[in-house]
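Two complexes are shown next, each including chain A; its partner changes from chain B in the first to chain C in the second.
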Partner chain A sequence: MARFIARRLALAVGTLFVLSFLMYGLLEFALDPLVDLRENPAPNRQELIDNRIRLLNLDVPWYQRYFLWLGNFLTGDFGIAWRTMQPVATLVRGAIATSVQLVFAATIISILLGVTIGLVSALRQYTSFDYAITFVSFLLYSLPIFWVAVLLKQFLAIGANDYLQSPTVNWPLVVILSIVSGLFWAGALGGKRAKRIQVFVGAFVVTLAVFAGALLTGWVNNPTIGIVGIGVLSVALALGVSALFAGMNNKRALYAALTTAVLGTVLWWPLQWLFFYVEMNWLWIIGLLALSLALAALIGWLFGGPDRQISIRGAMITALFTSVLIFVDRVLQTWVPYNNAPQIRGRPLATIGASTPGLNADFWMAQLDRATHIMLPTLALVLISFATYVRYQRGAMLEVLNQDYIRTARAKGLSERVVIVRHALRNALMPLASIVPVDFITLIGGAVITETIFGWAGMGRLFITSMDGQEVDPVMFYIILTGGLAMIANLVADFLYAVIDPRIRVNA
Partner chain B sequence: MSNDRFQNNEPDDADRLEQALPDGPQADREIGVDANDAGEAASARTGEATADAYGRGEGVGEGQEVQGLSQGQIVWSRFIRHRGAIFGLVTLGLVILLSVLSMGIGPIPGLWRVQEITSGDVIDGGRPTLSVPGIGGATGFAIGANPFGQDSLGRDYFAQVMLGVQTSLLVAFILGIVALLIGVTVGSAAGFYRGKVDMALMRFTDLIITLPVIVLGAVLGALVSRVPLRIGAGPELTASIRENMPVMLAVALGCILWTGLARLVRSEFLTLREREFVDSARVAGASDWRIITKHMLPNAIGVIVVNGTLLMSAAVTLEAALSFVNFGIGPPNISLGYLISDNQGAFSTRPWLFWWPGLFIILIALSINFIGDGLRDAFDPRTKKIPSARAMAKAEKQLVASRGAASAQSNGATAVQSNGATAVQSKEDAS
Partner chain C sequence: MSKRKLFAAAATAVAGALALSACTPTTPGTTGSGTGGDAATPTAINVAWNQAFFSRNSDTDYGNATANNNILYMANDAIGYYNQDLEITQNPSFGSYELVSEDPLQVEINFAETATWSDGTPVTAADAVLLWGATSTNFNTVSEAEQESIEVDDDTGEVSGVAGDAVYFNAASPGYQLITDFPEISDDGKSLTYTFSQPFVDWEILAMSPTTVPAHVVGMRALGAADAEAGKQAVLDAFQNNDRAALAEIAKVFNNDFNFKSMPTEEDLLVSSGPYVITDLVEEQYITLERNENYQGERTPSIDQVTVRIIPDAQASVQALQNGEVLITQPQSTADILQQLQAMDNVEVLTQSGATYEHVDLVFNNGGPFDPATYGGNADTARLVRQAFLQAIPRQQIIDNIIKPLNPEAEVRNSFSVVPGSPEYDATAEANGMEATYGGGGNVDAARELLAQAGVTNPTVRMMFAQNNTRRQQEFQLISEAAGQAGFTVVDVSSVDWGQLLSQNDQYDASLFGWQSTAVGVSQVPPNFLSDGQNNYGGFNSTRADELLNELNVTTDPDRQNEIVREVEKILVDEAFGITIFQFPEITGISNQVTGVSSIPLAPTYFWNFWEWEVA
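Right, the complex of A and B next:
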């Protein structure tokens, strides 16, 4: 195994070296640092040109310059962005953080959503639901992201802000959304016609009621969850998780999840005091989350039984969800002061940038500010990348469902839930191991187009502005970073796959 | 809650089957119906029924046989039954027809009144004059002077969009050809010769695959736009190079998009080269070139055609995205991405400048994607055309009727038979 990794690493370093050399040559041809001076009418034009040539070592041939650059790069000097004379290292630090923030949420959401819908689509193969999902994923796949992004800005953000300022409910839209939701759930849950009609009506009524309630009571103008909301949602999730992963017959798992949900809801009250008296930061939040997960694991362990792991897992998922709810609830409590802040003036959904400049915000309000800024670009990214996961997961699940051991599992009389969740799902998720690491590590490279449109100063935007500004050093840093990370990601993916799939053997 | 959800997931035709076959033994029905996707179970059990069901292949109830047909005929007959693919083909055809008829092609002028894009008076704020009954309160169908409106300089937008469509399609087509050539060459050489050649070619592929396409594309786009300056061209040469920018960009992008195809062709070749017909060709004294082109490539044609198609749809969005960030096609050429980029500031005042190019990008990319999907299904021998629910019902009725008439077989066999027919549909590609 060590030899395998060493060999792959050596290969990666070699590839990266060749890549950087070739890209440097291409960039030498593609970028022209003297472009603005060539048409400069200033009398001292030649002097300016000479200065720049000296600054950028343009008088030596490019392959020599490449080795100069490589020497500096290896010793930790990444060069300068010569237009602003800022060192690349400082430019990049903020850009990486911004990109990760932006793409992290989008990647997680699109994986979760895409994988779930792909799975359901595979389970309902050749139904109208499956066809509809296939069509939608093709449509999303064909959308140009810059077009979607501008549309989202124009309609969603501005429309929502206008609505918040002068609420007039658009009833046809609400009814259409409710019908879509009804059709979605009826298709996803499937079954016989009578059941589908029941599900459709149920989902339609619930969606309509939720929309109407939120819009008519003015909830959208002052969104809160509150202890009641947390309690209801947590218990619902606890029931759902137990039904899906443990089965309602497993009383111990059910009680473990329910206990966790109730305990989490009760803990809301003391936590409000903690949040009030102690200045929060991310360390605290992560610590609290870890604590709640440990507590949930303990609860699951105590309920125990012969299949202890299931109880623990169910309780931990519930705890995670409840913790997130409590966090969101606290963030939403800053909605009114945030909305009334002079920089916001009642138009909370932001279309540009990563945060509101000059906003005097505490920890919680800063999170809210971040959320309102990240919403649109995340939505745009999810819409685009979601389709890939749906297609991928649908294919993987169908492949597994056609295997012999699934038939065996059914033949020996296991319930459909056990066949799908315990036999099919695990193997269908395995191929994800080869794409998720790649998606996560490469997200540091940012989303070039999305960042440009939404004005996020991330890595992708840095790349584009440096290309525009004819600056070689930041572009080269970007190339080395994304190239190196992609190689590491592929290595991790191969390694992971070898670990979880016993059929694959690593031979050095 | 979700127990129900998973237990009641028989296919929709479950109740229909029960109606059609009221007396079928429970056990037989269970396997075919309950085993939603592993419906093969039923067909695998009884040889005769299976053969019959498979022979029906395409459209159950129409008795279509695939025996004695060439691969091309089978693929074509499957392809034209794929509703999405036909929809894509027709849409793409209409888009091409519209753009060619209106703006002509190359030196041949088109039929639209605006052949030269010139600025003029802005009429009615440049609003589109196209009116279709039912949309925007229009009463009759009318094209008017500027069906897609005018931009802020009074240039006819329909002409611009149609030119953009031509550019995008040209780029997609050339890019597809270039990528196909490189990908197939690299992939087949690597797969056929293996060993050192394979190693070298695959390392080269890794080199290109490492960077995101948009990054390489931007670098190449900048490079292409810099060509006249770098080769020190005179004004005339510069102008003619600029005219042909889309072609150069397409070739450059084709040089980076072939990697996926090369990998697929390689893996296809790795399995093909172990087959007996390759051995016999070699024993008969065929040269490597002949084995590759005459014996192996035709067997890999499915992968190649499908991926070539999908590449073209990726090319449309890639070109648009590059033009949007100014590393693609710029003046004097017009592409759809450039139109969006150029007019995105005008969204609040002249939204139509934004709608039309986007609409055409989606139409082109979507229809090519559907064609690719149809081709994939058509080439995949595991895929069977899925008859519509109505066709299935008809087929079952026919089956029941014919069995009833013969009355030689028991009801149980009928149930299996018809389950076998149901099972056919479950065999889709798992890609």
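Right, the complex of A and C next:
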């Protein structure tokens, strides 16, 4: 094992060295730090050029400069972005944080959504639902992000803001959305014709009612969840989680989840006072979340039974969901003052930047402000990246479903739910271990185009700005960082796979 | 449990929940928004710019960027500024300047009583001395050899490698370099007189904004002075006595301390003399300026808070304008962007000329078609060939096809050195004869005739321009087509490294690129056309022009300056030096929520009259 790691690390270091040398050389040819001065007609141009040559050691051949740079880099000195005289170390600190913030949510949502839809698509193989999902995911996958981003801004920010100024119900659109929703659920849940029709009608009516209710009651201009909403949604989720992972016959698991949902809903009230009297921060929020998960675990454990794990898991999922709802509810309570703030002026959905300048916001409103800014870039990233997960997961699931042990499981009379959830799903998720670490670590590299279009100052933007500014040091840092992390990610993926799948050994 | 009981329980639960939610704390509104009730809500405006602010000191080599200059234009006051007609307008509330004598050139600068830094310290001669001393390079003691070893420390951004008490200001101003004697300072410290060692044409541009960073802050930071008064005195003394140890410290502060991309912890770095002070700065996101409470000058703005948001992407800034997130934007101009802006309700679009102009230069000394040496030293033949080529350049067609879609009012630029729209443009364009000789260009017949007259058939012209610039590729297409009809063979030698290749004029015979005007002044003129001028890539050489340009370098009388410029331009046209084509178009989108906004071709573009902006 140790030999394996050592060999992989040595290889990584060697690769990085060659990579950095080649990139430095290429940058030397690609960038010209004097380019702006050449077009400058100022009488003292020669002095400016001399100053810059001195600043950047341009009188030294590039391979010597490379070793100067390498020496500095290895001693923890990452150089400067000379155009602004900012040390690279301080520049990247902010940029990495921004990139992770931007891409984190998008990656999580893409994985959850993509994996779920991929699974369902595999279960409904060769139905019109499957074909529709395949079509849509390929369509989205092939869209250029700069175009998607511009359209999203136009319709979901500018258009939606215009709409919020004077909301009227657009009935044809609402009906079309309701039909799509009905078709989606009918296709996803499948079954006999009668059941599909039933599901279609049900989903159609529910969607129609939700849209109409939200629009007609003015909910869109004052969106809240409230204790009633939290209660209803939590109980619904508790039922769903139990049905899916435990089966309705496991009463202990069902009661554990339901108890958690009810307790969470009741706790909403004291929490409002806590939020009122104590200035919140992320430490508090994470602490409260941990507390709620611990409580849920306790509830699950107390209900006990032969299979405690299932009860505990169900309760914890419910608790997580309810906690998120309570958080969102509190954030939404700042909607009206946020909307009326002089910096917002009734146009809450933003197209640019990570926050509203000059907004006088408390913790909760700051979260709302962040949400209105992060929504569009996240959506754009999700739309084009979730297709990969859909295809990947569909393939993995189909492969597992054709295995002998699935046939055995069916043959011995297990219910379809148990076959799918226990036997197929777990094995179908294994290949994710090799792609998720890579995806997560490449987050730090940022999303170059998305960041530029949405005005986020992350790693991608830093890279582009530095390239435009002919600054070698930040570009090299970017290359080393992304290159290094990619190698680490692959290493981690290999290990994770070995840990999950006992058939694989890393000792080679 | 029967169904009825279940419903009853559910109903009770819902009723209870509603009752509970009724007795929760009321959501606090925007916490402490504004100054609280009695005062009107502060007025605020967001505008877009494509590059982030990064230095409070725009007088260093690297700090001198539009992104900084725009902000500092609002944060620092000046004696003079350009108005919409590019005339220098005086601002007596900050100070005044006066030409005391022409030989030697002496300029007196007076600071008004109302000129104050935002911390309450008056603006005095010490502040001006600091700018002069730092940018004159006369105090730099670092020799050429020593300069080789200077490095910028990467962690702190500090200039190091400067041995001991050696002085190194990373700044250079051609005008201040000519002031070698310490200026004479009045007793009250409110005025000073600069004496130039030789005449400097653009003295007025220097005198327009005589200060940069506050001397007292530099004095306190660099020399540990106890208060503002002592800080000013310490800086004055250091320069007056050429105190190397003190100057070395001052130089470090001047070079390094004022570079920041996010809000600095030390507030003294933000002290400024103008109507606004910087109050918030988020790296690569935005910079906010608020009304300077200590400002007593004339340029009092109506808006309390100006935020410049950083939006590098043109499309994004246009959509931000549409969404009301910014109220003014000046995106890089393309036909798509303009169309989009024009399609918006509630947005006014200004299309006008920018600061950069496109031109074609010919090479005189590379053995090519425009070099007399090719024709056995026959200067007339070479000139005829040059004139033929310039006649063929379809200037009007280029403008109609490429520029008009962006700026419907675009016109052919007819002067080598005067910005269209500036007071001198019309007279110069008339005097130099470019319009009369070439008109809208594309005169294929005239070109053919000139070639025949020269007795040259089918000369080959290698044309260099930026390969990655689509606009120039289109221009090249039009030029090579027209010149082809006139009997030239035009070869595309475009390169992405065109900037580097400009000085190697054996690689090309004609070049197509842009010069950017940064001021109305004339000191930019001689380097382009002097026979040994640094921007005279084509090897143009005229004894008379050299005489005139050298005279221009030392002429301070504006009328004589203009005469010289006109005469030089006449020579350039007669000798077929090259030709100017158009001014780069510039688009400004302005929301109808703000009034009083316009833009000028020179920096600070649309910020020029920020104090006249009003938000609805």
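Definition applied: the second predicted complex is superposed on the first by the 507 of 508 C-alpha atoms of A that agree within 3 Å, B and C clash if a C-alpha of one lies under 4 Å from a C-alpha of the other, contacts with A are read in each partner's own complex, and residues count from 1 in each chain.
Here is the rule we use: a contact is a pair of C-beta atoms (placed from the backbone, for glycine too) under 8 Å apart; a residue touches a chain by one contact, two chains touch by 3 or more.
None of these values were measured; they are calculated from a predicted model.
Once both complexes are superposed on chain A, the partners chain B and chain C clash.
When the two structures are aligned on the shared chain, A:452 is found in touch with chain B and with chain C. After overlaying the two complexes on the shared chain, residue contacts for A:282 are found with neither chain B nor chain C. In the superposition on chain A, A:32 makes contact with both chain B and chain C.
Look at A:402: by the touch rule set out above, it reaches chain B but stays clear of chain C.
When the two complexes are overlaid on their common chain A, residue A:487 makes contact with chain B while staying clear of chain C.
Of the two partner chains placed by superposition, chain B and chain C are both touched by A:150. Shared-chain residue A:365: touches chain C; no touch with chain B. Of 271-279, 487-495 or 595-603, the segment of chain C running into chain B after the two structures are fitted on chain A is 487-495. Within chain A, the residues touched by chain B in the first complex and by chain C in the second are 32, 146, 150, 154, 452. Residues of chain B that touch chain A in their complex: 1-12, 14-15, 34-38, 40-41, 84, 203, 206-207, 210-212, 214-215, 218-220, 222-223, 226, 229-230, 313, 317, 320-321, 324-327, 337, 340-341, 344, 347-348, 351, 354, 358, 361-362, 365-366, 369-370, 373, 386, 425-431. The part of chain A that touches chain B in the complex is made up of residues 11, 15-16, 18-19, 22-23, 26-27, 29-32, 122-127, 135, 138-139, 141-147, 150, 154, 189-193, 195, 239-240, 243-244, 247-248, 395-396, 398-399, 401-402, 406-407, 410, 415-417, 419-421, 442, 445, 448-449, 452, 463-464, 467-468, 475, 478-479, 482-483, 486-487. Contacts from chain A toward chain C in the complex involve residues 32, 34-35, 38-48, 51-52, 54-55, 57, 72, 77-80, 82-89, 91, 94, 146, 150, 153-154, 157-158, 161, 226-228, 231, 265, 268-269, 272-273, 275-276, 333-334, 337-338, 340-343, 345, 347, 349-355, 357-358, 360-362, 365, 452-455, 457, 461, 465, 473. Across the complex, chain A is touched by residues 13-14, 17-18, 20-21, 24-25, 27-34, 41-42, 44, 46, 52, 54-55, 61-62, 65, 137, 147-148, 150-152, 154-157, 170, 172-174, 177, 256, 259, 261-262, 280, 282-286, 288, 305, 307, 309-313, 315-317, 319-320, 322-326, 497, 499-500, 502, 513-516, 518, 523-524, 526-528, 534-535 of chain C.
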